[in-house]
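So that you can tell them apart, the chains are marked A, B, C and D in the order they are listed, and the count of residues begins at 1 in each.
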Amino acid sequence: MSWKSKRSLKEKFALKNSLAKEALSEFLGTFILIALGCGCVGQDVLSRGAYGGPMTVSLGFAMAVTIAVYVSGGVSGGHINPAISLAMCVTGRLKWTKLPIYILAQFLGAFVGAVAVFGIYYDAFMEYSNGILEVTGPNATAHIFATYPAPYLSLINGFADQVMSTAVLLLAVFAISDTRNNGVPKGLEPIVVGLLIIVLNFSLGMNSGCAMNPARDLGPRLFTAIAGWGMEVFTAGNNWWWVPVVAPMLGGVLGAMIYIVLIEIHHSDTQPVEENSVHGKHELTNVE
Amino acid sequence: MSWKSKRSLKEKFALKNSLAKEALSEFLGTFILIALGCGCVGQDVLSRGAYGGPMTVSLGFAMAVTIAVYVSGGVSGGHINPAISLAMCVTGRLKWTKLPIYILAQFLGAFVGAVAVFGIYYDAFMEYSNGILEVTGPNATAHIFATYPAPYLSLINGFADQVMSTAVLLLAVFAISDTRNNGVPKGLEPIVVGLLIIVLNFSLGMNSGCAMNPARDLGPRLFTAIAGWGMEVFTAGNNWWWVPVVAPMLGGVLGAMIYIVLIEIHHSDTQPVEENSVHGKHELTNVE
Amino acid sequence: MSWKSKRSLKEKFALKNSLAKEALSEFLGTFILIALGCGCVGQDVLSRGAYGGPMTVSLGFAMAVTIAVYVSGGVSGGHINPAISLAMCVTGRLKWTKLPIYILAQFLGAFVGAVAVFGIYYDAFMEYSNGILEVTGPNATAHIFATYPAPYLSLINGFADQVMSTAVLLLAVFAISDTRNNGVPKGLEPIVVGLLIIVLNFSLGMNSGCAMNPARDLGPRLFTAIAGWGMEVFTAGNNWWWVPVVAPMLGGVLGAMIYIVLIEIHHSDTQPVEENSVHGKHELTNVE
Amino acid sequence: MSWKSKRSLKEKFALKNSLAKEALSEFLGTFILIALGCGCVGQDVLSRGAYGGPMTVSLGFAMAVTIAVYVSGGVSGGHINPAISLAMCVTGRLKWTKLPIYILAQFLGAFVGAVAVFGIYYDAFMEYSNGILEVTGPNATAHIFATYPAPYLSLINGFADQVMSTAVLLLAVFAISDTRNNGVPKGLEPIVVGLLIIVLNFSLGMNSGCAMNPARDLGPRLFTAIAGWGMEVFTAGNNWWWVPVVAPMLGGVLGAMIYIVLIEIHHSDTQPVEENSVHGKHELTNVE
């Protein structure tokens, strides 16, 4: 395809509607997140630890977030997470009318990402458990796709865990994007977000795998229900499935609020706002 | 909350007093440091190494520092450590009158961070030791919160260890902030500080856990004393508790002095000062 | 050699032909990639895991890519991979007439890199297997140089694996170089590409070692065939050798197309193109 | 000490002689390199792997280089390695008359760094081997300070190993500093050098520990000879000690030459030189 033919391609197919572009972007970003992120869990589980472990899963999922934000950050802000999109709406950084489309695109991307992981490791899945797809027990593979609570975890502690970890996520994302704080240079925000995910996985990953993202968790869980693991993916862990869907939405808003109340509203107005944030620019165009 | 309501919120609650803002910032930064940093130790200990190890604890604590400095760096300089605040006062980069408030905010943040770690892993703590909170022995959990010396360590070696590691910390922090040296680009200082913490943990972590920070150590230790581990947290290790409080204060000042005497005072005055450091700008506003 | 003698050296030997310069650059870059990357696998295998493991191989190969791109990026774009060069041609970013030379230089660089790994670890190879160079079994060393499929892997799954991983590689490389997306600051692209390789190795490395690069795989495989491992390096794994040659070429073009269709063609033309990409500049000079 | 008293301090003690400043800078940088780098090896060995391993040693030594270059880069170029200083002289980037002072400062810094490691881990050394300091055997500790060859390694293979690894080091350092190549943003060179050290340790560390630096190896080796390990530190490994002293000097010059001949002399003169490198600026002032 030469440059000229790409020109005409552009004239025919380029989307004029910015929300459609943003939906494509969130879809692709969340696809990358799950294909690579859950791929790391898959490699660890299916190799029975020979090619993976807590380090590769935590670092890998973090770098999957970084790459996904590079793919989608300039067009849609790189939320790839309904909890982030909701917090952006609540704080006036994303139009409420866009929220349903963002969330739908994120769920679809996560679902298709789970399909890719299953496809690319199809032979490995068959080898691992002789074709039997199990949710619990030593040959369980459902936790490659969605998170499940540790045996000791009560629902209330698990709910608090997901509220707190998502609150810290959003608090830090708001700090990273705040150009009147210790702002990250433009174009490096995705790397700092990756470093943030690393420490969240290392510090808050043990209770229930630190989903912090309803699309990341429910999308692939739906896939496993359909693909052969069955409805046990919803009933397991005392019907755990709704916790990483509801708690992150609350936690994200809470974390954003804490950042605004403790830090952002106290910035003096005379302080110059440096325009070194892609997110910042994007949010403005989204609001109006 | 819409943008307009946030405006009026700002008018009502925004702090005009810069010291109050800075205290909030140091409180939040140190809270993040301990909630995430001690969270990494907690995940390692409580999973008996299944989800952690020396790598996750060292990398995780370092990234906790990085994130904490991004949260608090633009407002209060991101000290999150009384040893750093003291060295800043001694070298004329922070007003002495601010020091008590900085230190108090740091201790409070660390204490509340320890509360968060205990809360978020409450079920795991109960499972781990059947509800018995121990300071020593195979089921010890007190070292999730504060540092304890290795069995072989004498008090004098331990004291020297904390003086030296904090001296290297401050020496390097001063180099990183020195715009007339090989300056770090603005907005990336927190990442380089994180890399510094990694190597300090890998090289000087074995004697006594490399606290290098009185608030990081004494705040959570106080919490454990109150929360059920008892006064043994102070008597253990030959009354170790005061070493990571006193030695870092000395070491920090020593390290800052070494950097100034060996490097900083020799910069020729004609060399242009590049304004690429948030810390640099902040310090100026704080001094006057 | 003084500065003056270097001047005259330059007058005598400096290449005026830009394609010759670019060939040298791709040769050197791919040499570094293989000498360091396969060196990491060598250290892991030959020390029987004492000085290596999945972490060192994945992180090391990724950093080898980063360094190789720093060495060759400014002159030839730092493709060091025929799949990238092909995708650049297909999307009009590299002249088709340059493609054969780029690919030849990449293969030669990879071959010489394999020679270096064998040379530098000659004593270790002799010690490891008493001088017998084996392709399969517990003392196999051929996989230090080229990739081989896991025992469970069918050809079709293996082919899909190499298509998908290279597609994700190119998709992300195009995103990273797209200055109208969340652009990486100029001069830091090689680091982000390194982070991308990390997560690809952690998530898609288990099936067949994630070659994603015909030169990286076939060049060193040819060396092993000649150096004493024999023709089994081509027949092993059900004649696996052609898969990491053909599939990445397809996958790379596919990934580039997906990025263009889902993201790039929808950028509005009025959006300013920021000139913060070495790749961007280089591609323009290459096209005309 | 107030700002005013520091002023007068400056007037009294500030060095006007730039070579004296540079010597202090190289001394301090190399001290940091050894105190932190060999500290990582010490933590690994003395804890018998409980708090260290190949990952912590390789990553830690690399970050020690990064921090050491941040401390010394702006004043003396941050060589902290006679092999780098020699290559800079040979290529006209450092005055030959400065070379002896640079090398002396580097050796002194490395020696004092070794003293610091021994001091800070004094109790651990005594505990480890009941006070007996051994060069070989299961309780050996001499390799904390200097490098020793693997049992299988011949002198000629070992010599080639040190030539090649230092050649790659210099080749890459020259690429990183070449503003007409894919230049690293100003102030981030030390991080990229750290990434380079990581992959060198992972790929070329098994034969003999990848010293690549005469000061890093001979300085601490001298310390061990004096401090109680005795003259066996020189005779061990078939009189290995001179290899990491001589071979890196050759390898460094070789690597610099290869970069210049394959890449640098072919840059067209009309290409603009971007001034985004601290090293670049420094070298100019040093040459005249």
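Keep this in mind: contacts are C-beta pairs under 8 Å (C-beta built on N, C-alpha and C of every residue); 3 or more make two chains touch, one makes a residue touch a chain.
Chains and their UniProt names: A, B, C, D = Aquaporin-9 isoform A.
Worth saying up front: this structure is predicted, and the values here are computed from it rather than measured.
Under the touch definition stated at the top, chain C (Aquaporin-9 isoform A) and chain D (Aquaporin-9 isoform A) share no contacting partner at all.
Comparing mean CA positions across the assembly, the chain most remote from chain C (Aquaporin-9 isoform A) is B. Interface note: chain B (Aquaporin-9 isoform A) and chain D (Aquaporin-9 isoform A), two copies of one sequence, contact each other through mostly non-matching residue numbers (shared numbers fall below half of all numbers used). Per-chain Cα centroids separate chain B (Aquaporin-9 isoform A) from chain C (Aquaporin-9 isoform A) by 41 Å. Measuring from the averaged C-alpha position of chain A (Aquaporin-9 isoform A) to that of chain C (Aquaporin-9 isoform A) gives a distance of 29 Å. Touching two or more other chains at once are residues 55, 185, 188 of chain D (Aquaporin-9 isoform A).
If touching chains are joined by edges, the resulting network of the protein chains shown is one closed cycle, each chain touching exactly two neighbours. By the definition of touch given earlier, these chain pairs are in contact: A-B, A-C, B-D, C-D. Against chain C (Aquaporin-9 isoform A), the residues of chain A (Aquaporin-9 isoform A) that register as touching in their complex are 1-3, 6, 9-10, 13-15, 20-21, 24-25, 27-28, 32, 35-40, 42-43, 46-47, 50-53, 55-57, 59-60, 63-64, 66-67, 69-75, 78, 116, 119-124, 126-127, 185-191, 194, 278. Residues of chain A (Aquaporin-9 isoform A) that touch chain B (Aquaporin-9 isoform A) in their complex: 54-55, 58, 90-92, 150, 152-154, 157, 160-161, 164, 168, 171-172, 175-176, 178, 180-185, 188, 192, 195-196, 198-200, 202-207, 257-263, 265-267, 276, 287.
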